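Each chain gets a letter, A, B and C, in the order it is written, and its residues are counted from 1.
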Amino acid sequence: MEERKEILRVEDLHKSYGTNKVLQGISLNIKQGQTKVIIGPSGTGKSTLLTCVNYLNPPDKGRIWLEGEEIIYSEREINKIRQKKGFVFQQFNLFNHLTALGNVMVGLTEVLKKKKKEAREKAMYELERVGMADCAEQYPAELSGGQQQRVGIARALAMDPLLIMFDEPTSALDPELMGEVLDNMTKLALEGMTLLVVTHEMGFARAVADDIIFMENGRIVEEGPPEKLIMNPEKKRTIEFLQKITQLYGED
Amino acid sequence: MELITYWISILPELGNGVINTLIMTFLAVSMSAVLAVILAMGRMYGPRIISTLCKWYIEFFRGTPLLAQLFIIYYGLPSWGLNFSSFTSAVLAFGLNSGAYVAEYLRGAVQSIDKGQMTAGLAMGMTKFTAIRKIILPQALRFVIPPWSNDVIYTLKYTSIAFLVGAQELMSKAKIIASFNFRFIDTFVFVAIIYLILVLLLTLFFNWLERKLKIPGFEIKN
Amino acid sequence: MIEYLPGLFRGVIVTIKLGFSFFIFGFVVGNIIAIGQVYGNKFISLFCAGFAWVFRSLPALVILYLWYFGFNLSPFLAAVLALGLRTAAYQSQFFRGAIQSIARGQMTAARSLGMSKLRAVVKIIMPQMLRLSLPYISNEYAITIKDTSLAFAIGVVEILKEGRLIITVLHNPMDIFMIIAVIYLIITRGGTYLLSLLEKHYRIPGFEISN
């Protein structure tokens, strides 16, 4: 297999809230076009990990590289870095006062300083990609959860990021709406986008992930390709956790 | 240091003013509370003509400045043969004005009470009047405490305009002392501090009251 | 009586000019205070909260006198500053409430796109905040117009003062006061009506403070 470019590398990331040590030395890396899925019990620090990688929530300790270049934290630099990392939220977080189109455009016009016309074309293209072109003029409150999340994905995509991070993108959705979001994510993975996804949708993980990371208590317990981690895990905790989520979410 | 000595020297005189301010506020607030209940109930449950009259009253007193209302009572009413002292005029103006505002808060509170409450009362065989008195009002009055306490503080602050028709209270005393000593800023800074303390004390009192009257699980959600 | 109407009209103009000046002044300062209180560092936040508390707690008349006697300003300017800071304090609290009712995720999402904090406030938070606070602002506008009458106390010749001048000549206080009352009702009602149109125009489906 040819050696692919490394997009993101994280080394020994630590984060505490008071005495609560949420991240206790996380290291991981993602190569171009890879999809990594993070699973783990609630309160384990999965969301914290994603927000720390993006400095939305600065880590206490640890080093992060993007495309081989180490990120040196400063207010000015970090805005540039964030442009290159898309983020899709569990609660969608669409901007309430902007239409679907406006939500996708705002990053282009305000951050990347693109002309209105150019931004609109790009935004329409991204909305089409997620099958939301018909709803371009609708406001978030007029869209279903699944539709909102697809706009959220389009908003991240429009910035042409190096990778997109998803924090439980389907867990606020009714089961019948999950499919449309997961399908879009699968499509992105197949098109070669680099994805870092926190989810408990094991069907998605098995079909799409190059690697699954099992995290607990702020540490990575086990990491490996789906065949190994799901079918043949090494650690006792991994086995127990997988049993629990198959009970909880059913097989697929 | 000299300033503090000055403040101490004028404190007794200002203290008299404070007492008048508090009396004026208390009288106006009491009047307003009674008036507000009548206006709100009249507006919501009264026959058409009463309801309309209450609405106009509220519109008028909320739509025009308090100072204009005070002038109407003190300078205007005598031409209709109604003479009030400046102090009474002030109490009337503040009471009539605040009553209109509180009536609207009360109406809002009543409307936020579940319709089922009235229905349940009627279903038990209560008359509408009893249901209002025993079921709706006790709940509405609790809801109305936060906006009402704001209105009381408003009234306290607005009593300061009573001196524009010559009533004796904190502000008028201050004006006299300031002119006499020719120390406007020193005097009014002290007056400002006194008002801040009064407002703070009232706020603390209302917070305490609100906690005391709280019913578990029964609060306005917003 | 007709010959006195121009005087009343002059008073109306002063009232409107004064009301608009300090309302807009208060609007701008109120925005800054609210944003400082929510997004500023500890010191700025505390300062803004203190400012808002003091100017909400002081009687308008006391603030008027402090500006007027303290800084030797013209009555009109003193009135704009004094009443302006007061309405700023009130408006800041509506804005702050609105900001706090906007989900935290809005700021996070804006930052995740690479917006600076300032840009996120201006482009994402403020448009939502202004919409949410419009109903309160329209109420505050009515209060503002009524508060202009207090400038009377430091010698601004607004409508109430013009009215009193006419009364000293004509001795018909009730007629004049009723005319003045109607004028106030028109200015306050008219303004709130226009603001309600603005509210409708900028309304976003499904986006409002529900209570």
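Here, contacts are C-beta pairs under 8 Å (C-beta built on N, C-alpha and C of every residue); 3 or more make two chains touch, one makes a residue touch a chain.
Values in this document were obtained by computation on a predicted structure and should not be read as measured data.
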Checklist entry - If each chain is a node and each touching pair an edge, is that a line, ring, star, complete or other? => result line
Item to check | Innermost chain, taking as reference the mean of every protein Cα atom displayed | outcome: C
Item to check | subunit B-subunit C separation of Cα centroids, rounded to whole Å | outcome: 21
Next on the checklist: How many angstrom lie between the centres of subunit A and subunit B, each centre taken as the mean Cα position?
Outcome noted: 55
Item to check | Rounded Å distance between subunit A and subunit C, as computed from the means of their C-alpha atoms | outcome: 45
Item to check | Sites on subunit A at which at least two other chains make contact | outcome: none
Item to check | Contacts with 2+ other chains: residues of subunit B | outcome: none
Next on the checklist: Touching at least two other chains at once: which residues of subunit C meet that condition?
Outcome noted: none
Item to check | subunit C - residues contacting subunit A, complex | outcome: 102-103, 105-106, 108-116, 119, 123-124, 127-128, 131, 204-207
Next on the checklist: So in the complex, the part of subunit A that touches subunit C is made up of which residues?
Outcome noted: 51, 54, 56, 75, 79-83, 85-87, 89, 91-97, 106-107, 110-111, 139-142, 155, 159
Checklist entry - What does subunit B use to touch subunit C in their complex? => result 59-60, 62-68, 71-72, 75-76, 78-80, 153, 157-158, 160-161, 164, 171, 178, 184-185, 188-189, 191-192, 195-196, 199-200, 220-222
Checklist entry - Which of the residues in subunit C come into contact with subunit B in the complex? => result 54, 57-63, 65-66, 69-70, 142, 146-150, 152-153, 160, 164, 167, 171-174, 177, 180-181, 184-185, 188-189, 209-211
